[in-house]
Structure formats: structure tokens, C-alpha cells
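Chains: A, B and C, in written order; residue numbering restarts at 1 for each.
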Amino acid sequence: MPASIHAPASGSPTRADGRASYQRARRRASVQALLLALPLIVFLLSTFIAPIALLLARSVENKEVPDSMPALTRALDAWDGRGVPDERMFALLASGLKDAQQSGQLGTVARRLNFAQPEFRSLLMRTARSVRDETPAAWKPALIEMDERWNSPETWRVLKRAAATPTPDYLLAAVDAQVTPQGNLAFVPDNSSVYRQAFLRTISISASVTLLCLVLGYPVAWLLANLPAQSSNRLMLFVIVPFWTSLLVRTTAWYVLLQPGGVINGLLAGLGLATHPVPLIFNRTGVLIGMTHVLLPYMILAIYSVMKGVSPVYVRAAQSLGAHPFTAFVRVYIPQTLPGVGAGCFLVFVLALGYYITPALLGGAGDEMISQLIALQTNTQLNWGLAGALSAYLVIFTAIFYFLFNRIVGIDRLRFG
Amino acid sequence: MTEQRNRVLTERIASRWVRVHTALVLFFLVAPILAIIPLSFNSGSYFSYPLQGFSLRWYEQALTSADWQRSLLNSVGIGAASTLIATGLGTLAALGLSRTQFPLRSVIMPIIISPMIVPIVVVAAGFYLIFAPLGLVNSYPGVILAHAALGTPFVVITVTASLLSFDQSLLRAASGLGAKPWTAFRRVTLPLITPAVATGSVFAFATSFDEVIVILFIGGPDQRTVPRQMWSGIRDSIDPSILAVATMLIVFAVLLFASINWLRGRAAAASRALV
Amino acid sequence: MRPQFKAQCAALAVLAFASISTQAAETLSVVTFGGAYEAAAKKAWFEPFTQATGVNFSTESYDGGLAKLSAMEQAKNTTWDLIDLETNDAITACDEGLLQKFDKKSIGKTSDFIPGSISDCAVASMVWSTVYAYDASKLKTAPTTVNDFFDLQKYPGKRGLRKSPKVSMEWALIADGVDPKDVYKVLGTPAGVDRAFKKLDTIKKNIVWWESGAQAPQLLADGAVVMVQAYNGRIDDAAKKDNKPFKAVWDAQVYDFEWWAIPTGAKHADTAAKFIVSQAQPKASADLSKYIAYAPPRKDAVALVDKQRLADMPTAPDNFKRAVQINANFWADNADQINKRFQVWLTQ
């Protein structure tokens, strides 16, 4: 229903009356419009935004130890963190472990502590086993005798940090940083650093794919936009059919073709371009080829949709004013297509950042992108804290990118074909 | 004069180069998909050329296997249900968003577009976290809700675009002729935006049909869809029947494209008919 | 659409979904390592059990590890009734309370089981081994020892390895000169772990990593690797069933038991227990060997296996010369820290 301004039926309307009734009508129309979109907004907030918010919240949560061993947690909080604690703490540890085993949470706690220090799980399980069977007079000497790691301040420091909530440890670990025993921020030693490199690698791969798609796609979009409708439509088929083909099908196709004994290497050998099979799969090359192939249609379609609206009049005018065709193209045509280029680059880059399937199937161990590492944490390591932290950085980076691009290009005006 | 000839020459060379480049790129786009079609007729059980012989056994296995049949049923069922939800909510939202008085557009629009932008692994992990305690993991409702959320942006975008180019004077004319608002909507707006709604639905359906990561995270053995089965086929049990399925999916994609084209033709014809 | 038609469609849809999700008979949900092993288990155990009791099986596959099981237990929604595990996973899972206790007396006679093949929570189903395989039609001189796996001069080309430090660490040390009997002693020291990683570094650039058992013979068939570390049964299956010219090198084979266990909170725990009892009987146990080259864990069953087939087993004397039994307790205790280092090493 279009908003309409009804003039008051009787009396001579004052300006204030008119404005007031206009504003009322406008507000009513606003509310109506909002109400129409409300079901979707509520739906998305609960099924989409809330889950992501929950995941990101996990990056600072630290509930495993406090939930299963509350008394020990309180004591650790109060403890100053220096040296090895006293008998009371050891007794609380013993009873806490017993409780955790009863409530079935021991495995969870052991795994949580393992994230902080890889030997902790076996230490905790052994301790839990001996605690179950014995009841010594004093816990401190008994536990230290069972395993001397309990006599080390480092062990207790790790335990204290693992019981503190909220914790910055996951967010730090996601960029290979940590809090040292002295209390400073420092980077983790190089031989345990994985994530900074992974982020850089993800950005680098995404940027490369974007560049490749741009270079490959721009001329194609130009030709499609400037050919007569019939030929253009026929050629468009070659772009749309891959676009509609399942991602898995396309990635499988590359998996088959890029093998050392596969079609592409066969062609290269046959044309005399290669004497040994060229490694094209399980490495960066395979990932780039696969991702470019999948994302190229997005770039072509985005640029094409803008080029369609560019009138040839301007380039002709420039040429009639004396410009060389190349100059006219660069200085008159390309700027007009920039919104499409921007939209295409944005879309390809952001989609590439989140890719999982293609790098998982076509890449090697050194090509892992952030999505694969997040999936590793959620599916294999069950480290939701780290997964949440990695996701947080990824989402924040994507969001900043989105807002920047919206300023320049206006993503909400992007149409789909 | 020579300058003119130079220009024409430059244009011709550029034009030829563009054509060659385009031909190569389009070949690059299509060739891999075509290359696996002959492999689906391979009588051997591995993915490599050379072909060991012609055989339809993988098609037979795909079409008669209970696993593949169930995945097809699941894909179609989950796709249909999630598309229904996405279309309903999305069209409604588009009706609101297309109005100029829509408030807080810069806040709401990102929320609605976000399923297209946020990395799918983050989305899937989030779904798992929120659905697990609610018992929605390994269940149909969970997967359908998740896929509906992923499909709505497409419906919103296409229908909003259509509504933005919608001629409001038609509605004013209808109201001037005595139609109530709901009648005007039903008999003027709806028929004109139907092609856009249909296009958005097809996109939403395709998104659900092709989706595998969310299913990997929150789907159970009962909710296996076609892409999920294909993923297993490559990773777990190396089964060339996925190539037969892949070929069938390619044919399906071509048909889908044809239907979109037809719908777009209908939209153009409908708007022409009103002139 | 007319209202009645819409209602009918809706009803049909509900019925269709209902018929998929409910079964007339009971269904056991089983997860295994998939591929040829799952196919063999189906023929040797699942189908006979279904015929005898009417219980159906719904199978899933995974690549090992306890993540999914832990996640299910945390969510208090265990969908698996039976799980197929490696030894160190079985030990850890039992410790963490992820598996139900199993009453071994229900099996009947157990004195002929190989020592260590029945535990509190699990029963061994078979003996399997990790070997490496090559394509005999592509290599002129056949490799014979584990050192050949690391020899890029004599055998240039890529190597396939399981994306896990298990077995790779042992092979690295043995190829570096450690006696198989001392492998775990050396691996238990930080210097030993360093030594293993250094040896792996020598072939690192040539490694193609696989995660699921079926990928190993696939990599070999595709020509993506020249030698591949694999579960012996998958290679044997590829050689016999698909007529691929694959041969296994048994030197320094690392063998292990495979276990059946019932997850805590399984919905059909009693039926699952009945299944475990049935496949543990000598005849059923020996039947597996008909379909895949894995050996039964009990002597009475071994006696029932075809003599010729025994030669394909990890336990055959010819294959057993430098065999190493995986030290499951070592891995149960140390997998976490070695794995952490391994993950970092992978990406560098």
C-alpha cells in the first residue's frame, strides 16, 4: 500500500497540523513496512545470528572446570599463583576429580586441560584413577608421589588459568600468542605457531583467486555484454551451467583431472610441454585452479550485470573527441564498470575466505585455509573455544570488509542475475 | 588517416584477442564438467582414465542403491520444505524492504544478507552449538530450518529488485478503481512479482540442494542428502557411482537454467503486456 | 491450490517422511572405518545376524578418534549403538566413561582369545596391520624393507601416509636404525620424537596425506603416489577384487587389534551386546577372513580359516618377520602431545 497523504476533511489545515499528520502517516507506513519484514528478521536472529553469537561467545568462555569442580575453582581463584599450593588445594583437587568422575564430566575437563598443555589429559586421568581407589591421610604427598608433575608450579598455574572465566587464552591462541608465566603477552614459539600463518595464507589465497577471476573474467563479461542478444545468451550458457553445477561435482572433476596420471598431465606430455608429470593436485596450484573455476562465474555475472547498463555512447563520444580507442577504454569505459568490478571482487574474496570443500579435496597439508582449521577444532579436537576464537577473527575481518565495500559499491543493491 | 587505420587495427586486434581469451576461459569453465561424464561410464571402479570399458553399472548402482534413493528423497524433501519457508518469509520481508519508508535499512539489510556472506563452516558450527541442546541435531527440522536460513537472502534480493522496479501507479490505479488494498495486492502485485518469487525460490532450492557442510555438521545418517552422499563417496568409500550421480546433476543443472530463463521470459512478457 | 489438495499433499509428505524414519524391525546404528572393511563386515556379520534375528543395520563410517563420540556424549544424544575402534582409542574411551562395560562371560569360551584381546569395555574383532604398498607394474625393482619407503634416490616419487603420527613415527625410527623391539622406548624420549620427525623431514615434500582407509589404494591407483602406507586388508582387496597389481611390503608392519564396543547411552545396547557375542563365536570370527585379509583374534577361529587365505594375513609367518605390535598404552598416554606437534609440523 503506498503511503498517501490525506488532507484533513474539515477546517482549514494549519502547517503544523499538516506536518504532524504527514509524520504520523509516515511513521505508520514505516511500522507497517517493518512488520512485514519482522517474521524474517526474528527467524534469522534466532536461527542464524544467535548460533553465530553463541559460537563467538565460546571464544571467551571457560566453563568446564568451574562447572564440574566449583570448590576447586573458587580456591584456585583465591590462590595467588605462586609456587605449589597447600594441602587444602590438593584435597579439593582430589574431591573435585571424584565428583567429576561421578558426574561424567571428567573426560571433558581432561580434554579442556589438554588444550592448555598436551600432557595434562593423561596426568588427570591417572590422578583420577588413583584418587578413586585410595584415601590417604594427606593428599599432597600422596599425589606428588604418584606423579611429580603435581609438585611443579607450572602445572598449578595451568590449572588456575583453565579455571578462570572469562578467558583471553583462546583469542590469544588463535593468533599464536599466550600469557607467559611472568604475566606478559608473548608470541608462542615458532615450532608451535600455526594460526597466524593460516590467516595470512587464507587471505593470500583468496586475494590470488580474486585477482585471477578478475583478469580472466573481465574480458569475458565485456564480450558477453557487447554481443548481440542471441549469441550472448548462447555463450552465457557456458557460464551459467557451471554456476549451477554442484560445487562437489566441479571439485570432483578437478580431483580427477589434476592427477599425475590424469587428463591434464596427459595433455601436457602429449604436447611435449612436460617430461615428468607436473604436480597439480594436493598443492597450492590445485587449490587455486579449483577455487578460480568455482568462483569465476560470480565475477563474470557481477561485472556483466553492470556492463549491460553501460551505454556505448560515452566511449564513442570520447573517440570522436580524439581519444585513442585504448585511452577511451581505460579512461571512460573501465571507470563506469567499477561498481561491477567492486561487487565481483568483494563477492569472490569473501566467498573464498570461507571456503572448505575445495581446499580440503585439492590441497595439501600446507594449504589449509582457516575454515578447515575451524572444522578441525570442532570435529576432531572438540576445542570449541579455539573454534570460536578463529571464527571471531574471520567474521570480524569479513564484516569490516563488507562495511568498507558497502560504502564504495552498495552491496545491498547487488542483484542475482 | 593512418591514425584512423591504426585505431581500426587496434580495435580489430583487441577484439580478436578478447574472443580468443573468452573462448579459452569458457572452455576452462565447461571442460572439466564434461570430462567426467565419460568416466561415469567406466566399467572399472577407479576414477582414472584410461577407461577400462563401457558400462552402465554405476548408473545402475546409483539408481537402485537404497542409500542414493534415500539421499535423493532427502534432498528433494529438505529442499522443498526449506524453500517453502524461505520463500514465504523472504517475500514478506521483501514487501516491507522495498518500501521507501523502511527504517533502519542499513542495520537490517546486513542481517538479511549475512547468510550469504558468513563463512559456511562458522555457520554450521554455530548451528551445531545451538541445535545440539535443543535436540535438533540429527533431525529433519534442524536441517530444514538451517537450510531455510541460508536460502532467504536469495528470495529477498530477487523479490526486492522486482518490487523496486514495480510501477506503484498500477496500485494507485487499482485503488482508484475501488479495489481494497488486499485485493490490489493479490490481483496486481502478486502476479507481477511471481516470476521474481519463483526465481528466488529456485535459487533457494538450489542452495539447499547443493549444501553439504551444514549437513556434515548437524545432519544424521537419516538426513543424508545427495551432496553428503557424494562427499562420502570421495572421502570414505571411494565410489565411482558418484560420477554417475554427478552426470545426472549436471543434466539437472542445465534443466534448472532453462527453467530460470523461461521464468525470466515470462517476467519480461508480463511487464510488456501491461504497457 | 485447492484446500483439499493441499491437505492431501501435506499428508502424503508426512507419510513419506514417516516411512523413511521408522522401521518395522529394530535397527542397530553402527559406525566403522568404512570402505572394504565395512563391506566385508556386512557380508560376514551383519547380514547373517539380520537373517538370524531380523535386526537391521544402519552403517556409517569415520576415520577413527573419539571426537564424535565425545560430542554425542556431551549432548546426551548418542546415536550410535556399536562402534569400531583402534586399541588406543578403546582404552581412552573406556577410561573416560564413553563406553559401556561389557560382560565377557556372555561370549562363552574365551580362553583361546589372544592375550589382551578382551577388555572391560570392548571385544577385539580382528587383527589388522599397517603396511605399505606399491604398484608392481610401475616399479622395476621391488622394495623390500621400510628403509625403501624413505629412499627417494632408489625409488623417486611421492609417498602416501596416513594423516596421523601413529605408525609413521615408528617407521621413521626403524628406518633410522632403531631395532623394532626398542621403538617405543626411543619414542618415549623427546630426543626420540625429534629423531622421528627429522627422518620424516627427509621425505616431507613428497608426502601425500590420506585420512580414510579407502583413499590409500585410490592414491596408488590414480598414480598420485609411488608407495602408500595402508591398512593391509584394503590393499589385498584392491589386488584381488579389482585386479590391481598392488603388492604389500610386510617389513616392519605395525599390527593392532580392532575392537567392537557399545557407547554409553546407546539406545539399543542389549541388541548390540548380542551382536558382539554372535560375531565373537569362532565360526563368525573366521568368516570375516573370507572377505578381507584380517585375522581372527582367537585360535579356535584361526583353525577354521582356509589355509591358503592364512598366507594373506598379518599373522602369517612369512609376513611376521619384523612385525611390531602397536603399543596402545603408549599412544593412549602420548597421542595428544605428539599429535599437537605433528599438526604444527604438517603446516610448516
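The rule is simple: contacts are C-beta pairs under 8 Å (C-beta built on N, C-alpha and C of every residue); 3 or more make two chains touch, one makes a residue touch a chain.
What you are looking at is a predicted structure, and each value in this text was computed from that prediction instead of being measured.
Chain centroids computed from C-alpha atoms place A closest to the centre of all protein C-alpha atoms shown. Looking at A-B alongside B-C, one finds more C-beta pairs in contact between the chains of A-B. Put simply, the chain farthest from chain A by mean CA position is C. Centroid to centroid, with C-alpha atoms defining each point, chain A and chain C lie 33 Å apart. Distance from the chain A centre to the chain B centre is 22 Å, each centre being the mean of its Cα atoms. Averaged C-alpha coordinates give centres for chain B and chain C that are 38 Å from one another. For chain C, residues that reach two or more other chains under the stated contact definition are 71, 222-223.
The set of chain A residues touching two or more other chains comprises 259, 261-262, 379.
Taken residue by residue, chain B touches two or more other chains at 47-48, whereas all remaining positions touch fewer. Taken in their complex, chain C has these residues touching chain A: 65, 67-68, 70-71, 73-74, 95-98, 158, 163, 207-209, 222-224, 332-334, 336-337, 339-341, 343-344, 346-348. Every residue of chain B that touches chain C in the complex is listed here, in rising order: 44-48, 70, 73-74, 77, 132-133, 135, 137-138, 140, 220-222, 232, 235-238.
Taken in their complex, chain A has these residues touching chain B: 1-3, 26, 29-30, 32-41, 43-45, 47-55, 58, 216-217, 219-220, 222-224, 235, 237-242, 244-250, 252-257, 259, 261-263, 266, 293, 296-297, 319, 324-326, 350, 353-357, 361, 370-372, 374-375, 378-379, 384, 387, 391, 394-395, 398, 402, 406, 411-412, 414-417.
The part of chain A that touches chain C in the complex is made up of residues 101, 104, 106-108, 110-111, 114, 118-119, 121-122, 125, 129, 191-194, 197-198, 259-262, 277, 281-282, 364-366, 368, 379-382. Those residues of chain B whose C-beta lies close enough to touch chain A in the complex are 7, 10-11, 14, 18-19, 21-22, 25-26, 28-30, 32-33, 35-36, 39, 47-49, 85, 89-90, 92-93, 95-97, 99, 101-105, 108-115, 117-123, 125-131, 145-146, 148-149, 152, 154, 156-158, 161, 168, 171-172, 181, 184-185, 203, 206, 209-210, 212-213, 217, 227, 230-231, 234, 242-243, 246, 249-250, 253-254, 256-257, 260.
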